[in-house]
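Since the structure comes first, as structure tokens, the remarks are kept for the end.
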Amino acid sequence: MITATLLVTCTDRTGIVANLTNFVSEYHGNILDLDQHSDEEANRFFMRLVWSMDKFSLSREEVPAALKILAKKFDDFRFDLSFSDQRQRVAILCSQTPHCLYDLLLRQQMGELEGDIVLVCANHPDLREVTEHFGLPFVHIPAARDRRAAAEAKQKRLLQKYRIDLVVLARYMQILSPAFCAARPHRIINIHHSFLPAFVGAKPYHQAKARGVKIIGATAHYVTADLDQGPIIEQDVARVSHRDTVDDMVRKGRDLERQVLSRAVRAHLQRRVLVEGNRTIVFH
Amino acid sequence: MITATLLVTCTDRTGIVANLTNFVSEYHGNILDLDQHSDEEANRFFMRLVWSMDKFSLSREEVPAALKILAKKFDDFRFDLSFSDQRQRVAILCSQTPHCLYDLLLRQQMGELEGDIVLVCANHPDLREVTEHFGLPFVHIPAARDRRAAAEAKQKRLLQKYRIDLVVLARYMQILSPAFCAARPHRIINIHHSFLPAFVGAKPYHQAKARGVKIIGATAHYVTADLDQGPIIEQDVARVSHRDTVDDMVRKGRDLERQVLSRAVRAHLQRRVLVEGNRTIVFH
Amino acid sequence: MITATLLVTCTDRTGIVANLTNFVSEYHGNILDLDQHSDEEANRFFMRLVWSMDKFSLSREEVPAALKILAKKFDDFRFDLSFSDQRQRVAILCSQTPHCLYDLLLRQQMGELEGDIVLVCANHPDLREVTEHFGLPFVHIPAARDRRAAAEAKQKRLLQKYRIDLVVLARYMQILSPAFCAARPHRIINIHHSFLPAFVGAKPYHQAKARGVKIIGATAHYVTADLDQGPIIEQDVARVSHRDTVDDMVRKGRDLERQVLSRAVRAHLQRRVLVEGNRTIVFH
Amino acid sequence: MITATLLVTCTDRTGIVANLTNFVSEYHGNILDLDQHSDEEANRFFMRLVWSMDKFSLSREEVPAALKILAKKFDDFRFDLSFSDQRQRVAILCSQTPHCLYDLLLRQQMGELEGDIVLVCANHPDLREVTEHFGLPFVHIPAARDRRAAAEAKQKRLLQKYRIDLVVLARYMQILSPAFCAARPHRIINIHHSFLPAFVGAKPYHQAKARGVKIIGATAHYVTADLDQGPIIEQDVARVSHRDTVDDMVRKGRDLERQVLSRAVRAHLQRRVLVEGNRTIVFH
């Protein structure tokens, strides 16, 4: 069964849900999942709507045009439409640590992701074997300081060649240029190894140890030009005690990082994430 | 603003959401929250729909009749309709331990509950002072084995007199008769001090200690004639170690019990709970 | 059974545990609990040692002297000795919100605390009834900006009169003077309504909402002159989503605050907390 | 630095800690970690003691003899002594699902385990490639019903040949014979995909769905002849809702299973687990 998923946000008013569900049912679409939320403080409407295309009488090319007409009834209406057989193509950027890479590739193999990781690209050669074990192409692009711009140009060509929809930074450890980030709004997901906004920047586990916190965390967020400040998609935490050295925190952190990153990527690929300003709405 | 909340379940088919949201918007109701779910395995449809009555052009007496007509289009359609100003009236049954009682009464005082606790009834006199501190009537009905039937008859009259919609067993420690339970389907909430279905029955913390589990729990459920087997509304857990004696588990358990029971009562009063067979759907 | 609890820290070297356990057993003390930890990075030794005084052949007055002699064998040796029948006397400072106050007083009533709350003092009169319900004296000391110094002078006299060992700020909402804090090192516990070091300062739930975090927290810490920067004793977190308004976060936060504060106070009263620099070691 | 780890249990009485720590320090061992606990209800003493062998003046062969002499002072004294350079040799038994296998092998690669996985043995050929990717030998021993006994005989020879200390059942899905289990007391760790003792036996996620629980779990335990009844080492849980199908529970369960199993294996290899009757003491 092919399904359509529609993410919508607009200024809140009467009749939006009725209009949209009516639209689906008039053309014989069966609604499978609807999650709607009105933010009364901000007067904004948010919705995720999934319907079956089985008996739907509009072709998938006709749907956007119809939605655009419908949109005129509402203010500041934005939508994102996708079909379940249009799987997003994902590239992973990584460096040397394998835990997030293994986690994503294993989930792909187990069929947990509704998208396709098609490329792994790294600034070190170490993870070639892991990537090839999972049957994927690995490209090594060194990114030393003095050739960062050239490296990024290569990456761009590669992403284009592989028609990449989503870039996942699986502990990439390199800062991307503002232009690179700006060209892919809400299309780059990073894992930060702290519970943001605590411990922004480098060596967060050392910072956590020094501050004596009792809980550490990890944060998956969309990358913007503003380091560690992009919209948060998912977070999780683990308890630590005085017995945990920085190395123990790093170890516990690895477990958090891979889980949090994979959950964020999965939510994105399931089209469950809607960005509004610097925040996300993540539908269940 | 007065709102209407509609819980619906029926056999799944095309057009249910559209029909219902159309109905609301035709009469100028603004949908504030809609959470819908189709269980494909069971072919069942579930929905919670909240709309503003501010400009709604049907009187609240006319809504059920209109819904009954609408229901004829669908199979096995059940609904539960309520209005935000029709606050449910709650009676708490308890014995001697105060922690769940304090928790519920404090939340009432803080305005966390969308209902009104109007009566506390106990088989021991100990909690009179707590109840009266919060300005509520306390009724002591002894319930020793030989006068259980008489006690239950008194309770029934009391619940009738106070027009009680929901009975909350806040560590009541007495078994209610099957007839009493059957007369109040999904209208009695109990807190069981274990992670059901583990450790059914008496002394669950002793059972947990003997089995050497690493996590203990608490479970809030609707009471049915079948002890500890009713539909589960909410559960939570806490870690324990070999250092925890049974007394420590009891102490940690108290924290779980009061939180889990209060969350379940809150969800029920917000009309977020729909019972289907022996399971619940708890909408967010 | 009366027990002695000894907290020790010193520079790490061979034989500290043996020396100390030997000391206890030579005088016929039975060790009930020993938790020891060496921080290899910092080369520091930490220990908590509990023994029964039942057959102990030194009087409790003789123990400190004996320990001081023993201490000379080691470098930078600090210890804290207490006996289980020397219950610490606790004053709670609060303002208007009752949830933390109820939680602490209820735990005292249930026998969960190994200390005695003997006084409640507030800058508003609202919580008098709650306090008196639990049979404790309530003192109202207004603390408006222009009479803060006078208020603090009154508080000091009160703490002296009641021979207070520990001050608990149960959502006190007032900043104490540096002198007041400095006079009570590791003897004032505060609850901050965020997951420190995230969202330092005022209105942390508003900050959390604005940043779009998926988890909120609460932090109990010793108060130092440096606002929200003192040694952290305990933290906990709860999940939030886009559906949670600031009010929902405040409500969920209340549950965190009272649990985290009570756990920190309980650990302190059980002499489980050893402060080292700006961090705490909390023994199990 | 080579360290010795001593696990001890005996009937509780005065002087055990002093005797043991004295013993270590007399021979110039520096105690690095000591965690001791007396179970007053059971009158049992438990301890884990780690010391540096650097300047220790007894050879490692002499230590057990010395401990046996020391043991005569106490009742029912059992001890387990090991040295950090005597790494345990681990065999993994698995079937077809790779998630637990990947997790263990990746942790080995990252240096998280204080032992060595040296063999993977499966009743299906599917996981050969995974095993060989990590550079380990893979042995396929079919175990269909009619040749179960022959298969087990082969396994025994294999375990002997590889001098295996610990067998880990990483979703092995086969029941081992009572004789096989009895021959390896507390030397076989299994992961059960439920929060034991809830949902013993087959298809626990189906059972969990049918019962409508709000939380699912996983349990790592030592295998005894009594199915799913052995001493529990570690457990963890995850939230589920009505939106989760059995497949979703299976997916969430995989995350629990691999984490819980790996944590249990790690604790065992660090000699942190002491079994007492049907329970474990897991030292931090």
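To keep things simple, chains are lettered A, B, C and D as they appear, and every chain counts its residues starting from 1.
Here is the rule we go by: a residue touches a chain if its C-beta (ideal position, glycine included) is under 8 Å from a C-beta of that chain, and two chains touch if they have at least 3 such contacts.
What you see is a predicted model; the values in this text were computed from it and never measured.
Enquirer: Please identify each chain that touches subunit C as well as subunit D.
Expert: Intersection of subunit C and subunit D contact lists gives A, B.
Enquirer: Same residues or different residues where subunit B meets subunit C? The copies count as same if more than half of the interface numbers are shared.
Expert: Mostly the same residues.
Enquirer: Just how far, in Å, is the C-alpha centre of subunit D from the one of subunit A?
Expert: Roughly 37 Å separates the two chain centres.
Enquirer: Which whole number of Å gives the spacing of the CA centres of subunit B and subunit D?
Expert: 41
Enquirer: Counting only residues that touch at least two other chains, what does the list for subunit A look like?
Expert: 37, 40, 241, 243, 284 - these are the residues of subunit A that touch more than one other chain.
Enquirer: For subunit B, which residues are in contact with subunit D within the complex?
Expert: 37, 39-41, 46, 195-199, 211-215, 217, 231-237, 241-243, 245-246, 278-282
Enquirer: Looking at the complex, which residues from subunit D come into contact with subunit A?
Expert: Within the complex, subunit D touches subunit A at residues 98-99, 102, 106, 109-110, 112, 129, 133, 241, 243, 251, 254-255, 259, 284.
Enquirer: Please name which positions on subunit A make contact with subunit B in the complex.
Expert: Going by the criterion above, the answer is residues 13-19, 21-22, 24-26, 28-38, 40, 55, 284.
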